[in-house]
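In the part that follows, the structures are each spelled out as structure tokens.
In the two complexes that follow, subunit A is the common piece, with subunit B as its partner first and subunit C second.
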Partner chain A sequence: MSAPTESEQRLSYETRDRLYQVALYGSAALFTFIILFPIYWMVQNAFTDSQAVITEFAWFPSPETVTLENFSVLTAGAVPTYVINTIVVTIGTIVLVVAVSLVAGYGMARFRFKYKESFAQFLLLGYMFSPIVLGLPLYLIWSETGLLNARIGLVIALSAISMPFAVWLMWKYIQTIPESMEESAWIAGASRWRTFWDVVVPQTKPAIVACALFAFAIAWNDFTFAQILLPSQDSTTFAPGIMRLIDQGGYTSWGDIMAVSFLMTIPPLLFAYFLQEYLLKGFEVRTR
Partner chain B sequence: MASETVESTAATDRRSVTERLGLDSEAIRGWLTVLPVILLYLFVAVTPIAFAFYASLFEIPLLAPEWTFTGFSNYVEVLNMGSFWSALWLGGLFMVGSTVLQLLVGLWIALVLNKISYGQRFLTAVAFTAYLVPTVIVVLIALFMFDVEIGVLHIAGSNLGLWGERTFALGDQTWAMPLVVLIGSWKFSIFVTIFTLAQLRAIPERFYEAAKICGASRWEMFRDITLPRIMGVLLIAVLLRAIFMFNKFDIIWMLTEGGPAGATTTLPILAYRTAFLENSYGLANAMAVIMFIFLAIGAYCYFRAFNPAKEVDT
Partner chain C sequence: MTVNISNMTRVFDAPDGRIVAVDDLSLTIDDGEFLTLVGPSGCGKTTTLRCVAGLDTPTSGTITVDDRDVTNLPPQERDVALLFQDIALYPHMTVRENMEYGLKIAGVPEDERRESIEEAADLLQIGDQLDKMPASLSGGQQQRVALGRSLVRDPSVFLFDEPMSDLDAKLKRELRPVVQRITDEIGCPVLYVTHDQEEAMTMSDRVAIMDGGELQQAGPPKEVYDEPTNDFVGEFIGQPAMEFFDAHVESANGTAAVALGGHTISLDASADQLEGYVDRDVRVGVRPQHITVADATEGIEAEHVLDEPLGDETHSLFETEYGNVTVVTHADFDGDDGGEYGLVLERSETQLFDPASGVRIF
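Right after this comes the complex of A and B.
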């Protein structure tokens, strides 16, 4: 290989660097487009007159067809019930997951007991639970115990699959809180429970937020468990409910569907943006 | 005298048992704190799996639950079903296709995110967006975009000649599976990105500076510095993605219900159909047990290869 002159080398390096920058930002733009276009499409059609959605194809919203009418889907029919069921189940799951994982995480961080490590290992098996494998047998178990078609049954199932992450996070987080503050509270005469509640819990706020977010994502996203465990049309959550409506062919107003989809997407999007650090923190515990 | 001896041996026995289990008052309180977790696991994971195995030994028509013991004949039946083997094949196809695509795209996004200096926070939020949009919304948007009348992707595809003007792409024999893989990967690629990103950020900048001085090209830097350092985490991501995609039910069912003509019927779809549409609950549980065995093998590989608990500690 003959040695290139200095100027040739610099030029080629600069060109290559420019190409690299183009490829880098080109990729970034491409990903942004691929991810955001479907979301843009949903939002645009959510605000478009439902007749215009079907008849006139348009890339951009036009003032004549912009409307809020589609959102009236939330005031009548079965959809509001589904949305409320999803909200109730999600809140229930968050509360149960945070409560159970706080207590367990505290116990694992502060008490010494044999087999604790093996127990923690065993918990990690929970990552392998697949809703479809568990859901099939749970169907008959739930129907025997009266939990079928009950929102609490779904809350229990969703909480269980959120456990490994939540408990590990709480455990690791509480380990980083110095025990000395609790000790001084004991010396001042506080009970163990009171110390836990007044000294430990306020300090675990970031971990609580991360656990709550994780439980939210699991519950808000769930389809499989709800489809199997809430088979009745009236008591089910949004995902199976709307799919069954579409299947029955009684519901094909895309404007309405995009409107309610948009509303269901807002909470996760807000979390994605404003709680990024918490999410990344959670993932760090999960992956490392 | 005799009674005393008995008593004292009982006492030592009791002590030795509690000692062996380490059950002093601290340990009891410790176990009490994790009791709710254990109960949840027992109720939602251990019992169902045991129950699935038990139920798989019976013939159970779901609508009239009268159990008839049939031993292992459900398993024999499953293994003799043509649809089982085709579901296994399609499931494998779906798993491999999704995992490879998600690995490539996810890694690509991670590398880009790690290198860009403008708009990093924005692009991170965008990437998270895809992961957090609920599956049902992804499906609804996809169904809308592939709608035969007004779907933007349907029109684009038929203009490009990929499918006919009146063909519903997700209901098309050749397109259903690739599209389900693509739509799933739209959502799940970011999983690989998030896994890799922390590891990428931990690579010291001086390694690259040193390589640059030695005249290494960007490809050589990637191959010799970046790749070896993220290999471990990539393997974990691939294994987890493969396990998750093999057991994926929701996105496939919502998009195609396993159709057209079984073109997207993977194992989870087949098990669901068998239980709730063909009314053979025992047979479906045999399939659930088989899926669980696959899961257990995957989990075993995962724990043997990576010891995740050790990694969480550090």
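Right after this comes the complex of A and C.
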């Protein structure tokens, strides 16, 4: 019997290369399947008759059971409210995060103040806590201040957890813009604020897109904060809303739930696809 | 307009103490005068410029433009133009928008803006580049746009912060006359900061040499070259740099002479003119153009190290008891490596400096 190393050596380069390729594509295919199958299942069920989803099991949709009927749930009951709430909260969060991170990032990049580095590190401390740990105290505070069940309350909470990353990104990005450009504008007579608008902001476009996408992902997919801070049935967003649809007891219409879920998955996909170039640019630190 | 800097000092707080970047500087730039501030890096020239621009504030002293005290005014209220080392064009604006920006801020009507931009662009030969983005222009063209941006604003003071240090030698030579034409056109006081003595010599009406935060000398290019106030100026101005030798002053029948390397060079000066230095040590400074290479029997003993032929002349390096000495030799000069030669200093071009203070005494 030969030692394993020798037998390995005996494999020709070509065979080894082929084995490597098989292993590579095989593992990639496996992971793709694990990730994509639930999505496939969601899409399939969204287009399948509600009764058929429960009574018959099928790997592939059959012509008899395919239907668009499930999508009528979008106009029924509380679902339209959920969707609108999600959109409003997401847009609100994006606007707030971008506005605050621009100003804060500029301040950190351009002004000297004591303990700046410690302050920046302190910002990141927020990520040490799970949303539920932050959410419960927020519930108490929000209920005292009347922000409970208000969309603005959720916008503030979601912005707060998106902010540290966004501020860091903006800070580091603005540092790459030469200060002489601003100085040149000041000398030309522009105020600091005007220079910020005319010279700095247009150049941070990639970072703005990256921050917006990050805030979008946090807000659009949020479950915990919405569940805690928007407890009332008709003020909540999509994620907790769909949970409540399932919990309503008795009959659960999986077809409806999958139809709503499917529609809510489309915007993130579109965003990620069309803005990925910008996103990458936002994360890369320019050399000049 | 006249810019007047008087007794200006700028001190920075550093972790390891205070740094005096500019020390009691007084300087006047007349209307239409092109004054170059030159010196090695860290000499305080850029700090001075930034104080005049309003991007920095002096710790003490005043800066006035005509009768207006601008010492503590923000840059927006100074009506200066500044050309940066990194050009600093706005990358998200076209060339036209870049040139237009200052006028827009000032509220100049659109047709007037268009007119002055086209005029400036023609003068700078960038008329066909107006709708391009800065990134698509070459370094020289970008520099022209930056010049145009300042030109259209018709500033009352024009400042330059080493604008050509990132350009290659050929482009520098091409841009120098452009800069001079533009500054003549505006006719205001010009403060030009550079570390390149050649730029300083070729462009200026007056050159001001700084070192260690202090002004060493200010005067016309020819004057600072011929009559440096001290050994620093002598060494900094002129290419290749002035060579120095330790020597001893002697007096022979009332005529002064210096002894160095076993030889005596008699000077065009009486012993009285060198009052206080007779029988004492001095430093002798001679430009490499005024040293000749002779046989080993003459002058200072020297061992040939290498030749750098430049085509029209050759820079030859010798090793002597005073250290390495560069000599400008004939274009055809080709020394023996390690060969023994003698270096003869031209008598009339010999300058004497105080060994302690560096001040020129003759």
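Here is the rule we use: the second predicted complex is superposed on the first by the 255 of 288 C-alpha atoms of A that agree within 3 Å, B and C clash if a C-alpha of one lies under 4 Å from a C-alpha of the other, contacts with A are read in each partner's own complex, and residues count from 1 in each chain.
We adopt the following convention: contacts are C-beta pairs under 8 Å (C-beta built on N, C-alpha and C of every residue); 3 or more make two chains touch, one makes a residue touch a chain.
None of these values were measured; they are calculated from a predicted model.
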Exercise. Between subunit B (first) and subunit C (second), which does A:V95 come into contact with in this model arrangement: first, second, both, or neither?
Worked result: neither
Exercise. When the two structures are overlaid on chain A, which partner does A:A150 contact: first (subunit B), second (subunit C), both, or neither?
Worked result: neither
For this session: Using the superposition on chain A described above, determine whether A:I54 touches subunit B (first), subunit C (second), both, or neither.
Result: first
Exercise. So, A:I87: does it touch subunit B (first), subunit C (second), both, or neither?
Worked result: neither
For this session: Determine, under the contact definition given at the top, whether A:S191 touches first (subunit B), second (subunit C), both, or neither.
Result: second
For this session: Quick one: name whichever of subunit B and subunit C touches more residues of subunit A.
Result: B
For this session: Return first, second, both or neither, reflecting whether A:L74 touches subunit B, subunit C, both chains, or no partner chain.
Result: neither
Exercise. Taking the superposition as given, does A:P131 touch the first partner, subunit B, the second, subunit C, both, or neither?
Worked result: first
For this session: Indicate the residue numbers of subunit A shared between its subunit B interface and its subunit C interface, in ascending order.
Result: none
Seminar exercise, completed: Per the touch rule, the subunit A residues reaching subunit B in their complex are 16, 20, 24-25, 27-28, 31-32, 34-36, 38-39, 41-42, 45, 53-54, 57, 100-101, 103-104, 106-108, 111-117, 119-121, 123-134, 136-141, 156-157, 159-161, 163, 167-168, 172, 217, 220-221, 223-224, 227-228, 238-239, 242-243, 246, 254, 257-258, 261, 264-265, 268-269, 271-273, 276, 279-280, 283-285, 287-288
For this session: Could you pull out which subunit C residues touch subunit A in their complex?
Result: 53-55, 74-76, 78, 80-82, 84-86, 88-92, 101-102, 105-106, 149, 153
Problem set entry | Residues of subunit A touching subunit C in the complex | 178, 180-181, 183-191, 194, 198-199, 202-203
Exercise. Along subunit B, where are the residues that touch subunit A in the complex?
Worked result: 21-22, 26-27, 29-34, 36-37, 40-41, 43-45, 47-49, 51-52, 55, 65, 108-109, 112-113, 115-116, 118-119, 121, 123-145, 147, 149-150, 152, 155, 186, 194-195, 198, 218, 233, 236, 240, 243-244, 247, 249-250, 253-254, 268, 271-272, 275-276, 281, 284-285, 288, 291-292, 295-296, 298-299, 302-303, 308-309, 311-312, 314
